[in-house]
């Protein structure tokens, strides 16, 4: 009976072999996109270990403001206390486990648990316990000990609030690492910083989170086919379908992204005030890329599942391109299933009409109803569907683009950290994603 | 590869540690409320081993009457034969496994299986086999051998029909044990016994069965917060929100419950006839509690998931409190999901108008649309939801109420069996529930 | 901790014991009809190893025609190339795994993958790779190597296109083996061969695939009860409810079926032209059975889940019986759940009005709305439901019909291959199904 | 339906549309104003029974068995700040179709049947509940206004498929 | 819709409401009385096809392809005590909306489109099925009575998502 | 509803029925013709909030925030052969119920509320999506024709439960 089945052992051995095949032969086992056993491992080995984005500071601007966010299945309250300090609190009562806060957003100095009425300050401190002395004895309960549990780790990077469930994890700064230099382009076009427009769009997509993450790591190649309709209808104003071919692909630590060229002087049609503050606010190396090479980051992804998109697109028949920045979280909710959270961000000090136009450009092209997002999602949900069977356990995908003939830019030609490749139609960033993925899963 | 994952081993080890933490530190691992692996164990180690309530005799008063009931996923026919004897039969045809009876309730002397037409008496005896000799040979099939399978064990306690899937289980009487003395208050207010009003209400709740069971074991504390709305609107007629604080909590064998005080002489507003038969029918110790201490059992739970509630509440704006008895089964149907079955019982010989008023008081406050039940359910489904993630695997809940300063009543002060505590805002009964739970799971 | 649970080991041991009980005591453990662990094994040990029916040649008559079909969760394109040759291609792009073809049926010389625009010939050959040289270097990708993956094995039997995911599997001819002699009756009534009428009906049934397979292996016995309504209303024109009792049951290799008698000279009311071609086209042994014994195959099943039904039934109040042939695939889609695909086939050269009448007779009695199918499905979904619990793990079903008193026909009395039994109310064919089933599962 | 005039139908239609709107917008107090003082509002428990044994509705037990007084008490509770089960509130949508109007037993009454599909979602997970029922109403004209005199909600379920009936149908 | 008068619409509406009620109450025999003798009642099989290739309805295979005679035979079967699949019966609710009435091809006919959402539950587990379809009917006036002359049920599914079509749409 | 005449109601009903039909049949271009040039078409994002904090609709972010120009651009895209997400197309069914018509703010306008249940299936797996919403429309009469001047789609979901909004509500 030695040959008796053991699904977990099989999954594990398959993953070891899949990693070898990827590292040695640059081919990826399709099964990773839809397998319950692998999903369970991802939750434990990746999402319980990595820094996860929760909210942007501008979503809770005032004392008492809070939002409730998730890491996979874990609910956290992200609150701003009366002193303006931000707290990330596991949203489960310490008494009998009731979900303390059941709304997505609001303003409260205290949270009252409905079950037995315990109240907590928005700092998490246990504040009130009905009949405390009568139930716990003369001394009452030790309120210091029984406050809401803070996230094992939390931190803020450029207004972005993150948490991590692994107490041993590196600091947020170290985690972002070299990616920071590139995020600057997205988040520091103005010294005033960014703000979220309204609230995130949220929707459910029956697709694996890794498909969207790797796409936003570096899949410039898909635009000439997946997004053909946006080119032919002038939503994306470009001369040729291969407009992204000659971008730059980036590997920075365990994160990755890409640069796209813009028509010199146009700066994606950003308003003059933003262009000025951008050139002013970024360092000389960064400005060098903009001014001398007319390129700006188009896409960037912080491992595992937080992506950025900074593009300039047309929302109105015959209108002009308007730039926007979208931040999206590919929140897994089950094998082959995710809940997408997509935010639109604008510079706090941008002109009001620009903010409106920018968010309109965003929602027309990305997000729930976006003309780009629709076709991306169509790919991702169908890859996921066809990866569910037996054949996917033997089917290997091709990750060799650029491998044999594209070389990284020498440091002399690239001022930024990490590694830059003078093409966008390559797999270097995606390969980084998968190497990192296997490292985590099989650690 | 020794570190390869083994979910079942992990679950098992987590449970051993959870038990230790509970017994030694009085804290409960939140994860037990929503975990597929733990749920599978519960089905095998608890529900396949314990006595399960199926139906009340009064639901099948006449020869031929039957109801179809379940223990988790197992369907049983509970029938009364022509001699008035009750049978509990696994509802699967012995031939090819068809569900013999597909309705919830009815009257039949025989059950005919649609697939091949075998017929069984309502005693389970195989009665007819079409073409018997032609298919099984001259002798035909041995009908004695091939009747419907009776539940491994079944029994009746005070009109309540139970079954158990473990042939080694103790007798029903031994299983109820000391709890019987307390059930008397609920079921023997009249020598005529109880009857079910109409039929049970049934609904699906995405919550773990243990939350409701432990709540009905002894959570008097939640009433001052969860049910505040019923106090403020006079559905519960009390002077102070802490009306339950000074009740009595009971541990009886592996079962538990609590007593609540009533205004001397009111007897929860039971009709005179019932009050008289109650004082008459119960023994002197029991009457002593009623007459000298003006207390009656409010809640009681037979492990694992059969609960009772005997309260007196207001249904009509400005109306008066009317007492009722509800019996409820917290039927698990999956991890973090249950189907609630809730019955209303009245004394067979109670005045008709009281029966009406009592069932109205019941359905206004408990059951599908009940003003109490709604808020209980809100707690339970949200605990369950927030217990689904990683954090719940490290999150411990507090079960220390009364632990340090409340002592059991000395036998001299308490006539009943088991242990009584002079408070309701304590965790002694709930602790009994959890100790029993871990004993079963890790046996 | 040696007694720690291991579900997979338990499942495996249960199956060994179940096999023993079946082989030695002719009783079947009911649990096999609804258990997630067993289902996973079936997918791996049966559906990934056996020949699976995909489509009929007549569904893709012209060059470029294709249909998309599944084996459990694996999607395959079945295409006819410009030379009329048929290809079975795994429907997943070799690049990044997109489902290449997302429609059920159509005509195309090429398939274009939307994600990055790779195109494949309908032979599977990789045809176009946008920017091939720029992404893969001067040589471009090796197109021979990166075409769509053909099914490990595929083949055509009498117009029926099969595939198998096990490269080591025997040839399709060997797999069909002795069953071929019986399929002739169904598929060769005319030298012109068969054609599908329109397209298959498809619907979802919460029932286990094995119930319908074993039923179509040989359950003649159920007709006198399950289908009583069709007898009493004259949909099935027979003198007595036991019309199938004295049929013939067949075991042929790992496949099985049964013969039913027809009124001499009526030939199920087939049109004269078909009767003639049938007598002409079949061999003398086959014709002998028809002419001398007036029997024709009613039901036949190719292991594991492809069944045939050739009956003659009434569609119109007061109308006459019209013969039809249905082919059905019991496609598993999860534990206790299947998607039924049901085709109606007619002789290519049959009179047009007969084709109409035949398909009308079919859809009135079988398929989605069929008066027979409805009651079959009712049995199967309820067996499945009641098999989900604990009791089914101890509940054994009876497979002893005919075992003690019915002997196979001597070769002298039966011209066909395999073994024939002079009764239909017996379990010999079903027993073959289950022996084969356990052989696969525990191999 | 032809037993009554289009005009009457139109009035009843308007009444039911307004009623559904009040419920979906959470105006329970105003909703009560649509009832007569002697309103009977009930939803009997249903069981699965053999075809021969009728529709399975139970005479003696209901999910709702309401008078004006008990409905008012329910609404009062919902108006407190402690009605946790409905805070955050359910998002309901009453899809009212197949309205059939016939003369009532009383001179000033009409009897109205309608089909109700109730969509309910609460909180932010993608799950939603659907309840399907036929409603049998009696409306009475009281000083020029139609009022709900009686409502019987006949669920198409044996097991209620939502976590509670804190919402009205 | 404006091609016909409100009066005609009202008659058709009443007809469809009564028809749905008969089905939901299991009065199949009376339901048959609503048909002409030459009624055509069909539900074609549907496949998923590329946009350019049309709506995917199959010419030669249907889920229903009924005449009066075959409908009567189906109803007769349902009336026996052996129609296991519908005993205990399904609980159905026909939600008929978006009724659109236009003149028919024949003088005495109207052509009617409607949307149908069919809710179905059976037995006592919480599961239910929903079928969505457009129905294209032709009604003919026969001695003062509207009768169903033709019905085409155009499902919005490629795979039928209920365990059988023992119920009518 | 009684604030407007049956006649007006009938016109609006006809308008909404035709609109739904155009959408369900994929005639997006004709659908655009039903709009005024200054149409405002929006679907605000919704969040779960405490009862006291209102209905949770977000002022500054929407799922749709359309003008005629942006709707035309969306339709143009759907008309290309590269609109992969809708090829094979979704099978949608717009169930429009609870239509309530009231006078508009402008002389030549009416304000219309309706309930919408959108059924959507795509491809051949049995899965389907349901979206539930109230629509608040303003229709304006332009040279004898009603046109859609404004539409606000108020979803009953916080999280959109379909894979994209490539379809219109």
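Just so it is clear, A, B, C, D, E and F label the chains in written order, and each chain counts residues from 1 on its own.
Here is the rule we use: contacts are C-beta pairs under 8 Å (C-beta built on N, C-alpha and C of every residue); 3 or more make two chains touch, one makes a residue touch a chain.
Note that the structure is predicted; figures quoted are calculated from it, not measured.
Colleague: Starting at chain B, how many touching-chain steps does it take at least to reach chain E?
Modeller: Counted as steps through touching chains, the separation is 1.
Colleague: Quickly list, by label, the chains bordering both chain A and chain B.
Modeller: C, D
Colleague: Among the chain pairs A-D, A-F or B-E, which one reproduces the interface of C-E, with more than half of its contact pairs identical by residue number?
Modeller: A-F
Colleague: Using Cα averages as centroids, what's the distance between chain A and chain E in whole Å?
Modeller: Using C-alpha averages as centres, the distance is 49 Å.
Colleague: Just curious, how far off is chain F from chain C if you go by their C-alpha centres, in Å?
Modeller: Chain centroid spacing, chain C to chain F, equals 45 Å.
Colleague: Centroid from C-alpha atoms only, then distance chain D to chain E, rounded to Å. What do you get?
Modeller: The computed centroid separation for chain D versus chain E comes out at 27 Å.
Colleague: For chain A, jot down the residues that touch at least 2 other chains.
Modeller: Residues 102-104, 114, 202, 204, 226, 339, 375, 378-379, 385 of chain A each touch two or more of the other chains.
Colleague: Using the touch rule from the top of the page, what residues of chain E touch 2 or more other chains?
Modeller: 6, 47-50, 56, 82, 84, 86, 88, 95, 97, 117, 123-126, 130, 158-159, 161
Colleague: Report the complete set of touching chain pairs.
Modeller: Here the touching pairs of chains are A-B, A-C, A-D, A-F, B-C, B-D, B-E, C-E, C-F, D-E, D-F, E-F.
Colleague: For chain F, which residues count as touching chain C in their complex?
Modeller: 82, 84, 88, 123-124, 126
Colleague: Could you pull out which chain E residues touch chain D in their complex?
Modeller: Residue positions touching the partner: 6, 10-11, 13-14, 17-18, 20-21, 24, 26, 81, 86-89, 91-97, 117, 119, 121-126, 128, 130.
Colleague: Applying the document's contact rule, which stretches of chain A touch chain D when the two form their complex?
Modeller: Against chain D, the touching part of chain A is residues 102-104, 114, 202, 204, 339.
Colleague: Mind listing the chain E positions that touch chain C in their complex?
Modeller: 43, 45, 47-50, 53, 56, 58-65, 67, 69-70, 72-74, 76-77, 80, 82-86, 125, 127, 158-166
Colleague: Touching chain A in the complex: which residues of chain C?
Modeller: 8-9, 12-13, 40-41, 43-44, 47-48, 71-75, 90-92, 94-99, 102, 113-117, 130-131, 134-138, 141, 146, 149, 165
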